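Let me begin by handing over the structure; questions about it come next.
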Amino acid sequence: MTQWSGYLGLILQGALVTIELTLMGSVLALIMAFLAGMGRLSRFFVLRALATAYIEFFRGTSIFVQLFFAYFVLPLIGLELTPLQAGVLALGLNVGAYAAEVVRGAVQSIGREQHEACIALNLGRWQGLRHVILPQAFLVMLPTFGNNAIELLKATSVVSLISLADLTFQAQVVRAQTGNTMVPFATILVIYFILALLISWGVRSLERRMARGLDGVRV
Amino acid sequence: MSAPIIKVDAISKSFGAFKVLDGLSMQVMPREKLALIGPSGSGKTTILRILMTLERIDGGHIQIEGEHLYHMERNGQLLPADERHLARMRQKIGMVFQLFNLFPHKSVIDNVTLAPMLTKGTPRAAAEKRAMELLDMVGMADKARAMPAQLSGGQKQRVAIARALALQPKIMLFDEVTSALDPELVEEVLNVLWRLCAETDMTMLLVTHEMGFAHDFADRVLFFDRGKIVEEGKPDEIFRHPKQERTQGFLKKIIAAGHRV
Amino acid sequence: PGSADDSKLEQLKGQGFARVAIANEPPYTAVAADGKVSGAAPDVAREIFKRLGVADIVASISEYGAMIPGLKAGRFDVVTAGLFMKPERCAAVAYSEPVLCDAEAMLVKKGNPKGFKSYEDVAKDTSATIGAPGGGTEEKLALNAGVPRERVIVVPDGQSGLKMVQDGRIDAYSLPVLSINDLMKKANDPNLEVIAPVQGAPVYCDGAAFNKGDEALRDAFDVELAKMKKSGEFAKIIEPYGFSAAAAMSTTRDKLCSAK
Amino acid sequence: MEWDWDFVWQIMPTLIQGVKITILATLLGSVLAAIVGLGIALARRSPNKALSRTVGWAAEFIRGTPLLVQLYFIFYVLPDIGILLPPLVAGVIGLGLHYGTYTAEVYRAGIDNVPRGQWEAAKACNLSARQTWTHIIIPQAIPPMIPALANYFIAMFKETPLLSAITVLELMNQAKSVANTYYRYIEPITLVGAFFLAISLCSVVLLRWLERRYGKIER
Amino acid sequence: MSAPIIKVDAISKSFGAFKVLDGLSMQVMPREKLALIGPSGSGKTTILRILMTLERIDGGHIQIEGEHLYHMERNGQLLPADERHLARMRQKIGMVFQLFNLFPHKSVIDNVTLAPMLTKGTPRAAAEKRAMELLDMVGMADKARAMPAQLSGGQKQRVAIARALALQPKIMLFDEVTSALDPELVEEVLNVLWRLCAETDMTMLLVTHEMGFAHDFADRVLFFDRGKIVEEGKPDEIFRHPKQERTQGFLKKIIAAGHRV
């Protein structure tokens, strides 16, 4: 009989790598999202152009191509990255480009009247953004950010193609060593789903906490 | 005798090809209470928004207390105002909007203290003390910790007024502050306006469809039509004996629609 | 050896490990249930590096096709994965002396319904498809034998190949003999059959593949390898996996690299 | 490593073969996703609680797990229960199912976005349920969906490289095979990236046009 | 003498834990023009929506022309009404909404002809002829080919009225049909109501905040508060001499807010 418990350990190691990638990728994506999202709303043409180029480039080329590029081509031009770094970079930049549009959309969804109230109260541009617009926009962004994070989680499976020992990769290993296809793949599908549920649950509770008082219910 | 606090000189404003204001001029004296009335789309909101620097003008000049609003004098030359100049001029002006525009993520008192703390560096304690006085004046002191979503329209509007007052502007602009309210709630907001009128010496510009209130409240009424002031005068003159045909027509319609004058 | 450019070895000693690329293909390379890397090629490499003063190897599993590009991109220091020596590969990388030798095999349905004996047989049967690892020796053998591109299916790994034969998606799956045997052992499927060796296909040997420019390291590796071959330790490591030490010792890099 | 134009011209015909498969897979996948999505959306609105719950969870599961693993599953595990699909068919089914869970959301939002007043006015006009759907709701719900659907189909297009994992010889697989044969990654991967970027930039123009014509995407 | 056309008997309706209507009863005679007034949230809209079968009731009975609305008699037993019964009953009732609810993807005339063609099988030619008559009556004949988005609020509301009339209901329900309109546009809609009143013999139930219009238009006024009818009577009685304290308070507030009675 195959040593399933040992192989389960392997898969759990893979799960750790997947979680690590998801977390680090999300952080990078969040940073890029705000930089590029606010960049697109900037008054300065150069910033707008930079942000637009970044967003269109990373949304336009497939995550695969980006991953292979980061892994195989960047070193040729002198940029050495570990597989993990390459994975985080590609995932973070890719999802960040999508999330940047969420940031921009959310900021724009905060009605003109809130901007006007800021002007009427003589708040500076940054003050208005910091204290009035972004806190409200963030709430609008949250649900979509949750979806973005799940997309990122799913995209991590692709890093198995560049030899990062994530869940999918370990499932492949287990499959090669045990000759069983069904068990490892079914196991990781369930694990991915649980991780996705955790993300959406986390985002929802964060959303609930932040939305307190905004709906007129007693805080 | 004294100099006008607002001097609008032949300003024009277009949205695209559509000319909203066309060579409009007017003057407002300190402490004056002005009612702006007129049909929908005549440019009443636009002139308030221009005074609040929410829209730019295409031509003409505006002076507040003798200082240019949209221009800066540098070595005798008039240059377009920069953001710093606008920020300084805005200190003199406050505005209350038709839809209140409260900050929904901040409690009532935070709505009122935010601007003084950020723009004037008022310490929190002082800002809250002043805010409570203002909330007390508009009858909202007991709701200081509530969130805007928990308030009725009339209550929201009273908070919005307190918020605008917190910056101690010399000029207050009110744009149809009651027209989004349920009829029964209108009174509480109008009462606050009466109180403001009695207890402060601010200059007030008021766009309204409440003809009765405009009549009782204003020192002077301006009737707008198609971006021009068609008629102006004491409330009694305008409402009882309008000279212009357009004014007569407008008032007739409004009265037919069931509004008391 | 020991000239100006054994800096690479010094660097590996310094960091205490060498990065090796392996395939996910027992018995060449294997990953145990606890995640420990074994298999004939990594075991040999580990031992030699130990003797050279590099404490351990860190393995990353890679597709065959990605190994040489990965090596060039600096992803690994050496490939120890059953990457057979062939002239065009010898031109791309610096091989050690031969380590593991094996002939080619095909996995087919029981009774070999299409009667394959060689890659040419596959080419002749216009409805036949053959699976092989992308970028591997077998893919090139099949293409060179005249099997058109669309009938050579690139299969990501051995298990997938086995499965595809079982499911009838491909008519044959080609790998080195020992790899196919290992697959067969795990699958334990009476409906399959192994054709070994494939006629007309040479016996290939792999070697540890280093980057061009790391010849000094390669030479140091060769010295230790030769010592082990002589002492019999080499045979002790690889024969339990089914490889023949004698085969590896009967040929040389120069011969394999100049074969056409 | 230097960029080699001769090599580019040499591999171009192979890559174009891949492009054809990529486009074919996207088209078939889009059609399937449009149909599957409608099925899911209708099932979730069904008064039959068991049906709507089951479909709801299944859709959640598919949306929360990586397409790559689903493809492995469809291609390698389903034959165990007697379902043997050719690679392209398996790939199209994977794409269609996965993206069907997204298009289902588009349909749902499209229907929900028809204001409640329209349902009520239809009732006040005494229209039957069928008449309400065909004359009032569907005609208003469809146009705003079009840009959102197109958006997902473009996203699907960028995920077709995943099919390389189940031996479909699409663009990415052709590129990898070329890279494997010549030990050069830089040209094939860059070309694939450039190809995806070109298609995406064109699709941005198409999307803007659809948005102008049919209204903005609701995210 | 004649039997009531609407008979509402002790109905109740809750939203969640909140009881909106609590044992409400009322009767309406054929041709009667009824105004429903009262503070916000008192249940005026809810009763109209219940009559239009847009909401179900939790208890009680409603009869239209002597027939049960929410119940069917089968072998002497009262069963809950099925969709067919409801569809038949709905033919007697039309409703005009505060926000018009025109079908935005259909032209003005298609909005009016849709229901007769679909529900009564009226041929297109006949339906269009009748639609043009109705559009003419509401003064919208020249806009028959326009799309709703091209119309002003007042124009939309007049089309909505024509649409409701196209099914020739015996009872028309109007829910604050002017309160989403700009003040100057209110009159044109009220004029249509006057015309309807003069030229047809429909029973009309009208929820409104236009007290002046309610006074002049209605035969009888019902004052709602918290889901109950607190007071009812002839307009003059209710507006000039309200007996109940709540009615007095409500009217005082409304008048203070500047509405003419």
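Order as written gives the chain letters A, B, C, D and E; numbering starts at 1 within each chain.
Here, a residue touches a chain if its C-beta (ideal position, glycine included) is under 8 Å from a C-beta of that chain, and two chains touch if they have at least 3 such contacts.
Since we're looking at a predicted model, the values are computed, not measured.
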{"item": "Contact-graph distance - origin chain B, target chain C", "value": "2"}
{"item": "Relative to chain E, chain with the most remote C-alpha centre", "value": "C"}
{"item": "Pair sharing more residue contacts (C-beta pairs) when C-D is set against A-D", "value": "A-D"}
{"item": "Between chain C and chain A, distance of the C-alpha-averaged centres to the nearest whole Å", "value": "38"}
{"item": "Centre-to-centre distance between chain B and chain A (centres being mean Cα positions), rounded to whole Å", "value": "45"}
{"item": "Centre-to-centre distance between chain E and chain C (centres being mean Cα positions), rounded to whole Å", "value": "84"}
{"item": "Separation of chain A from chain E, taking each centre as the mean of its C-alpha atoms, in whole Å", "value": "52"}
{"item": "Chain B, residues touching no fewer than two other chains", "value": "none"}
{"item": "Overlap residues in chain A, where contacts from two or more other chains coincide", "value": "72-73, 76, 161, 181"}
{"item": "Shared-contact residues (touching 2 or more other chains) in chain C", "value": "63, 66, 69, 72-73, 163"}
{"item": "Touching pairs among all chains present in the structure", "value": "A-B, A-C, A-D, B-E, C-D, D-E"}
{"item": "List of chain C residues in touch with chain A within their complex", "value": "24-26, 30-35, 60-63, 66, 69-70, 72-75, 157-159, 162-163, 183, 186-187"}
{"item": "Chain A residues within the chain C interface of the complex", "value": "2-3, 5-7, 9-10, 13, 71-73, 75-76, 80, 83, 161-163, 165, 169, 172-173, 175-179, 181"}
{"item": "Of chain D, residues touching chain C in the complex", "value": "1, 76, 79, 84, 86-87, 165, 167, 169, 173, 176-177, 179-181, 183-185"}
{"item": "Touch list for chain A against partner chain D, complex", "value": "56-57, 59-66, 68-69, 72-73, 76, 102, 105, 144, 150, 153-158, 160-161, 168, 171, 181-182, 185-186, 188-189, 192-193, 196-197, 200"}
{"item": "Sites on chain D touched by chain A in the complex", "value": "1, 60-61, 63-70, 72-73, 76-77, 80, 158-159, 161-162, 165, 172, 185-186, 189-190, 192-193, 196-197, 199-201, 204, 219"}
